[in-house]
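Going by the order they are written in, the chains are A, B, C, D, E and F; count residues from 1 in each one.
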Amino acid sequence: MGTPTAKPRRFIKDLAPGEFVEEQVFLINSKDLRTSSNGSLYIHCVLRDKTGQLLARIWQATEPMFEQMPEGGFLRFKGRVENYKGSLQFIIDAMRPCDAAAVDLADFMPQTSEDIGKMFERVKEILRQIKNRHVLNLIKQFVTDEPLMQKFRKAPAAVQMHHAFIGGLLEHTRNVLELALLVIPRYPEVSLDLVLAGVFLHDIGKTEELIYETNFQYTTEGQLIGHIVQAAIWIDQKIKAVEAETGEPFPLDIKNALQHLVLAHHGSYEFGSPKLPAMPEAIALHHLDNLDAKLHIYLDRIKSDPDTANEWTEYVRGLDTKVYKKDVMGIRRERHP
Amino acid sequence: MGTPTAKPRRFIKDLAPGEFVEEQVFLINSKDLRTSSNGSLYIHCVLRDKTGQLLARIWQATEPMFEQMPEGGFLRFKGRVENYKGSLQFIIDAMRPCDAAAVDLADFMPQTSEDIGKMFERVKEILRQIKNRHVLNLIKQFVTDEPLMQKFRKAPAAVQMHHAFIGGLLEHTRNVLELALLVIPRYPEVSLDLVLAGVFLHDIGKTEELIYETNFQYTTEGQLIGHIVQAAIWIDQKIKAVEAETGEPFPLDIKNALQHLVLAHHGSYEFGSPKLPAMPEAIALHHLDNLDAKLHIYLDRIKSDPDTANEWTEYVRGLDTKVYKKDVMGIRRERHP
Amino acid sequence: MGTPTAKPRRFIKDLAPGEFVEEQVFLINSKDLRTSSNGSLYIHCVLRDKTGQLLARIWQATEPMFEQMPEGGFLRFKGRVENYKGSLQFIIDAMRPCDAAAVDLADFMPQTSEDIGKMFERVKEILRQIKNRHVLNLIKQFVTDEPLMQKFRKAPAAVQMHHAFIGGLLEHTRNVLELALLVIPRYPEVSLDLVLAGVFLHDIGKTEELIYETNFQYTTEGQLIGHIVQAAIWIDQKIKAVEAETGEPFPLDIKNALQHLVLAHHGSYEFGSPKLPAMPEAIALHHLDNLDAKLHIYLDRIKSDPDTANEWTEYVRGLDTKVYKKDVMGIRRERHP
Amino acid sequence: MGTPTAKPRRFIKDLAPGEFVEEQVFLINSKDLRTSSNGSLYIHCVLRDKTGQLLARIWQATEPMFEQMPEGGFLRFKGRVENYKGSLQFIIDAMRPCDAAAVDLADFMPQTSEDIGKMFERVKEILRQIKNRHVLNLIKQFVTDEPLMQKFRKAPAAVQMHHAFIGGLLEHTRNVLELALLVIPRYPEVSLDLVLAGVFLHDIGKTEELIYETNFQYTTEGQLIGHIVQAAIWIDQKIKAVEAETGEPFPLDIKNALQHLVLAHHGSYEFGSPKLPAMPEAIALHHLDNLDAKLHIYLDRIKSDPDTANEWTEYVRGLDTKVYKKDVMGIRRERHP
Amino acid sequence: MGTPTAKPRRFIKDLAPGEFVEEQVFLINSKDLRTSSNGSLYIHCVLRDKTGQLLARIWQATEPMFEQMPEGGFLRFKGRVENYKGSLQFIIDAMRPCDAAAVDLADFMPQTSEDIGKMFERVKEILRQIKNRHVLNLIKQFVTDEPLMQKFRKAPAAVQMHHAFIGGLLEHTRNVLELALLVIPRYPEVSLDLVLAGVFLHDIGKTEELIYETNFQYTTEGQLIGHIVQAAIWIDQKIKAVEAETGEPFPLDIKNALQHLVLAHHGSYEFGSPKLPAMPEAIALHHLDNLDAKLHIYLDRIKSDPDTANEWTEYVRGLDTKVYKKDVMGIRRERHP
Amino acid sequence: MGTPTAKPRRFIKDLAPGEFVEEQVFLINSKDLRTSSNGSLYIHCVLRDKTGQLLARIWQATEPMFEQMPEGGFLRFKGRVENYKGSLQFIIDAMRPCDAAAVDLADFMPQTSEDIGKMFERVKEILRQIKNRHVLNLIKQFVTDEPLMQKFRKAPAAVQMHHAFIGGLLEHTRNVLELALLVIPRYPEVSLDLVLAGVFLHDIGKTEELIYETNFQYTTEGQLIGHIVQAAIWIDQKIKAVEAETGEPFPLDIKNALQHLVLAHHGSYEFGSPKLPAMPEAIALHHLDNLDAKLHIYLDRIKSDPDTANEWTEYVRGLDTKVYKKDVMGIRRERHP
């Protein structure tokens, strides 16, 4: 075969019925070896890139062909796109291994639509507005922990509920920081310093709770300990580092308050918070976090719903309701001409 | 006795132990005729003005004296302020009827610390930013309903939980409108028009749900129907008025959306919402409303807690926790030097 | 083909294995274009009439054939009935459009087994027993609203739980009115007038909450506002009409009570009542409504359960239990010889 | 003193302020020895008869006087009735033992206003309508168990919630039997035999669960086992007796069904039913039982509420709401002219 | 065909891909007649023996072949084992009836790995340590009820959650008795006699609640009455037998206590206990029972999880979590070299 | 006055009516300055030592006397014990400061009845049975942290529910360790090492969560962070110390497991566990912990209930039931002759 790189990348969302595909790399999301009633085998699989998923089939398959496909890994495919029950189906004609080095992971994971570098700069810019030097010292310990920040810039904010994409944690954190900047000054008896630090730290444990190399999953640490307690532990560690650097004790009250903000941010026991908000800053963090996360869920469900004939989505478990998709005010129509 | 108006008003929060009080009008919050063990009767009562409550006693009382005191009404008192178990106690020497016309009700009900007129202007100014003419027409029906607006400017936002004072509904509504103005433009797919209208209408039924002449109580309508359904009914009525004025039908979608915003704003069935938020605007309204209401509760509990020796308030039922009062960041100290 | 009307109607429940079907119209409940492992397409669909559902297949299908089938619409079918896994399967040989005018909708929707006209007369007869003239005036406003009554006679009482058939709302309302007539006079301190009016109005909002043209679904209004609040709004509107007609104000107490009865009839917040029953009439309405609705669910599950070998139905979600079908007392056997 | 029986019985509800009371027997509900601030002792106690409670005091009391008063027992009192804070207060001048034989217990316990004998006859009359001879045999075993029936005629239906008076169990059972007679024939597929038997047996365990000699309390059996399981055990025992008498086995299906009706009649686990209703008869029993019990609670709260100035009762824990007392339809006014 | 017994038993867990199977009897767990897209029929079924389940197919099937297969019954099979999607699949070539007498049921039901006889002896040995003669007499009534004990030795402890195998009830009961023997003597104020009797009786009703001939199911009695109330009834019956034998009344306190222990052992209403633990012995029984049952569930999920590549099981409904399978301490590895 | 030490200590539980008390030190639990109806002041206070509480009064009090009494502190009292409403009352004649050095705190706090030193030795002896060297190293870090162990030996296990006395945490921990030693070896696939370590650490955070100098209260850290998360943080810190000492990394799996055991030990979200038990060791720890804690509550309620005439305690909130106190088996009588 010719040079793979000669073929421009065809993203799944751009494929059209009847199109012939060559030398395209896809992530194998799942695979199934099935037998047809006439005894022949075929492979039913789901391919994925960052723009969506594609149902694919290999007729007249063999077990070795099936074994060769790495679930969660990549292959280079050739075949034809067809229309099938209103959706696309990819009939694979051939597939061959692809050089791992040639794969740009960024092409295969859903990703924030914003610039990660700029978002991270903005987060740091906002955090520099913290006035209390103890809080600022602590934040610096996190921000200058480059291995952690690398994960922070890349992690999704959740496995599936909201901001479930590369850079999602960063985007969500940036969003809530912006909300805090706008809202908290209206309540002068609420400490903006505490809220900003709390927003930055509230989900930082997700860098450890989630795996996001080629798909999104919970880590064992995530399931045994969780991002909430993880962040409380890291605050403890970083405060020790601050004390080592400054040579003075970190104020106990501030440590307690920051750990409390993180521990209480889910707002209720049933969502895994071991403590309920007991400070104004904690309840503010809880609602600002939810405002952004929930709005993202609603808007995402509306945008991604495939059934355009229906004004309502399916029932959404986490919301305990269906979502009404109709653009009543014509506002979304204006934005997507 | 001399001319009552000659005596300047002494508010309860300004009374000092040892002070002699004359010709002062108080609201009689509650009264009790008690017998002492030696057989004599005394009256134990609680007096109130807008600045607080005062425990009072009349020794050597008689039943006619007791009958003469109107619960929820006013009398003119003379007596002496004493220190009693760390609080003040008012020993009444004499009391006599007071001319209703001479009473300024505003002196006796807790009241917003802000200017009601200015707040109302600001509310109207914000609502004028609504662009959709149908929504704007509907809002005008409410804003130009002067009897309703009189109540709207005066009603508390709740009997006791948050903004439980004259002007509280207006102050809370203004606050949430300001939050919406700041926050919603960050989510361009969320209709600011709908959110602003929803915020204005979400608690407007409290004008009918609550009594707030001389104390705060639920009305019978409030208990049988509630402010949530009341507002949905008023929207229906006002839309009919809009249609009568404009001669064109009001868009059904917008009517449905606005009624839904009001019906769903409590966010869960257990708090009396017959519908759960099914639109982005509905979930945004729910969290913005809660952010302001809950912050007010936390800050109010901290400010009003009488036990200054303890860093924690008593358990607060609605929050399911105690509130931590300590001014960890020194922010409240700065504001109240 | 010959004249369609020449063929007598064959209802699904009367079809027998081996039977040839010609010129029969069925409602297309759902359709699916599927590919077989040898690459050929077939259509898998579910047809429906008022007596039941029928699984059908078209072998060697094409996409245009699939497109031609209107989901929720009607076609005229020809084919053969076969036995398949203990149930019937319809192998379609041909299908062609059918003249909408020729379709009697009543043949395709499950329908009450009683006479709709007689039931409606009985409802009105019972309502005429209301003695209070204000309540009676209000009820008249509803009963003489012919467009509403047309829907009231036709609407189901639910999408699936109970009385989920054409005329179901009427049948259920009639049933509960009869129960009220029998039961309430035993409690002379409970107002029969209020209960009768409450029963008539409690589910009337379902005329707007549900769609029941060719299948049963929730409307957008139903999902955003709901039948409970809808009825409260209608009471408000009809009372305004009464006042316009009579020229005297409608008693506020009665309005409040009737709206409360409707709002509280689900009996708990979790089932969407924004208020809990606070009057004897409200609790009576709640239990009478449930008695009929729940009995209908139990009896319907027993009758419709296809697995005759088992004495128990499957787990029923709304009841949180399986239903025991055995006719322990031989009472149902006696009635269905 | 003179002959006690010379004095006619003065019931508490008939006492008037200023009245002198002599030779009257009251049940001592509770007693307290209190010290006044001048060091003298007084007794504060609550007296009771079937018509109500009376607060009483003995000034200048001694410990022997206090010891002499039997809590839950009877004394003969002399004293004066006074008005105290809107209620009556009884100032005791003297008290002395009273001959137990001279006390008619019926004067001291709240009691059904109906004729116990007639109600019991009516219950038996209804039960004789049961057609199935097995069910009838079983019911006979209960009805002819005279010691049990003595308790059945006397027991209250509850300690405080509903029908909490002597004969309350009988009255409630009779009520629900009448409801079943009226309602069940409208559902011909529901076995009237099973429902009648189930109604009769559903609360019969309360004869063992409650004490009702001089006050209403739970027995140890009631708290360890409960009336629900108790009734299931008795059905087992009585069926054994039927089998012994008839010499034939009792149908297992009917035994299971009857025990299920009893076990499931509370309708939900949280109210102590170990099984949820799984038969039409079980759900019918649940709602008929609740209809009568709940109506009784609402009507009783309205009638017994002492605060006539307020249209609402206090919050009622078991109903999770206040009760609206206003006689909106003038129906209760008509009955109590 | 040759003599069936000539072929040694091949258990499902020992089958290998490519293996030819002859004359093997399997239990038919479920069956399905399916049509392929080319119109031919095939049978898809699940076979079972005590070691596991096996997916099987018959290509080119006919309806009579399908009818011939008894669900829940046995056939003798011939065919070939293949690898299919990582699991085994059995392609059936022939099947014929098998002589019921030739089937050893023990080969087809999952069964305790311990010796039933020895476990039962141990149970009796422990129960003989009961010192109170009344309790001992009662236990003897159960232990000498051989028909009951036969079921007791054979019944599973549950349909699927824990100890769901023949002998499971006995094994679980023995386990909890051993725990009680170890633990209770550390609390000398807790009656070992009551706890031992309570442990023995707590699940004994499962002998009646469950069917366990060829599969595990609930009986009608189990679903209408349940093992908890069943045991309470049996205690009542056996106590009557004790009284008949000894000629003296059984102490009421002990009867109440034992019935309470059984009724309260699920520990909460939502799990079907009509009473909550009100005695130290009852709470001890609840936790000892749960300790063994829950440990069995966790260990069983770990052992039986087929996905060896994942450190976590699927979400387990009854535990509301996934189970972490990793042998962190190397303890299970040591035991299964 | 004479030498205070000349008077032997009179504990509250040993005081008798009529007794004169001199030179006795009590802890002032609470105090109240009250006015009598004749205008004189008196002090109503509650005194406490480790054996109980004593209601006391000072007649003819003054404000300076009231100010002189340190709440939570000690004074030396003189006065007379009287009988008052069935309980004792102490009429104070005089009081004077007491030398703090002369107070033995152990006399004033409820305390374990066992030897703290011996219990601690036993805890260490059991922990030495841990075989895994990593776990052992970690435990050593805790056991050799003498400031922490001082608190560990002294802290109560709770503010009021169970083991609410000095040494209670140690006693409860020792108890659960003993249970684990007895029970866990019966389940060879459950790691005894993990369970023992988990038991030792599960409540160790209570040393920081509770104050127990002169009364039992939650600390601010306890309320903001809680003992569950605190212990997880300490495990993190101590593991860092182990790594520093050993120079090798601590196994991540073991760290995760131990933190999970601590985080999940409350067993449900509503009791503040941020994670549910996901390992066999975690569920075992949960039930062993509860077995000891709950048994202690039941036995303690029985022993401490003052109302000996009643077989039942009052309703116990945490148990959702009353406790049955009767010594049915005569077992407690035997132990307390």
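Keep this in mind: contacts are C-beta pairs under 8 Å (C-beta built on N, C-alpha and C of every residue); 3 or more make two chains touch, one makes a residue touch a chain.
On a predicted model such as this, the values are computed, not experimentally measured, just so you know.
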Chains adjacent to chain B and to chain F under the stated definition are A, D
By that same contact rule, can you tell me which chains touch chain C and chain F alike? A, B, D, E
Among the chains, which has its CA centre at the largest distance from chain A's? D
Where in A-F, B-C or A-E does the B-F interface recur, with over half of the contact pairs identical by residue number? A-E
Using mean CA coordinates as chain centres, what's the gap between chain A and chain C in Å? 43
Taking each chain's centre as the mean position of its Cα atoms, how many Å separate chain A from chain D? 62
Identify all positions of chain E at which a residue touches two or more other chains, and write them in rising order. 36-38, 220, 223-224, 256-257, 260, 275, 278-279, 322, 324, 326
Of all possible chain pairs, which ones touch? A-B, A-C, A-E, A-F, B-C, B-D, B-F, C-D, C-E, D-E, D-F, E-F
Which of the residues in chain B end up touching chain A in this complex? 132, 175, 178-179, 182-183, 186-191, 193-194, 253-254, 256-257, 260, 275-280, 283-284, 287-288, 290-291, 294-295, 298-299, 302, 319-324, 326, 328-329, 331-332, 335
Enumerate the contact residues on chain E facing chain C in the complex. 32-39, 63, 220, 223-224
Per the touch rule above, chain B residues touching chain F in the complex are 34, 36-38, 40, 42, 59, 83-85, 311-312, 322, 324, 326
Which chain D residues qualify as touching chain E in the complex? 220-221, 223-226, 228-229, 232-233, 236-237, 252, 256-257, 259-260, 263, 269-275, 278-279
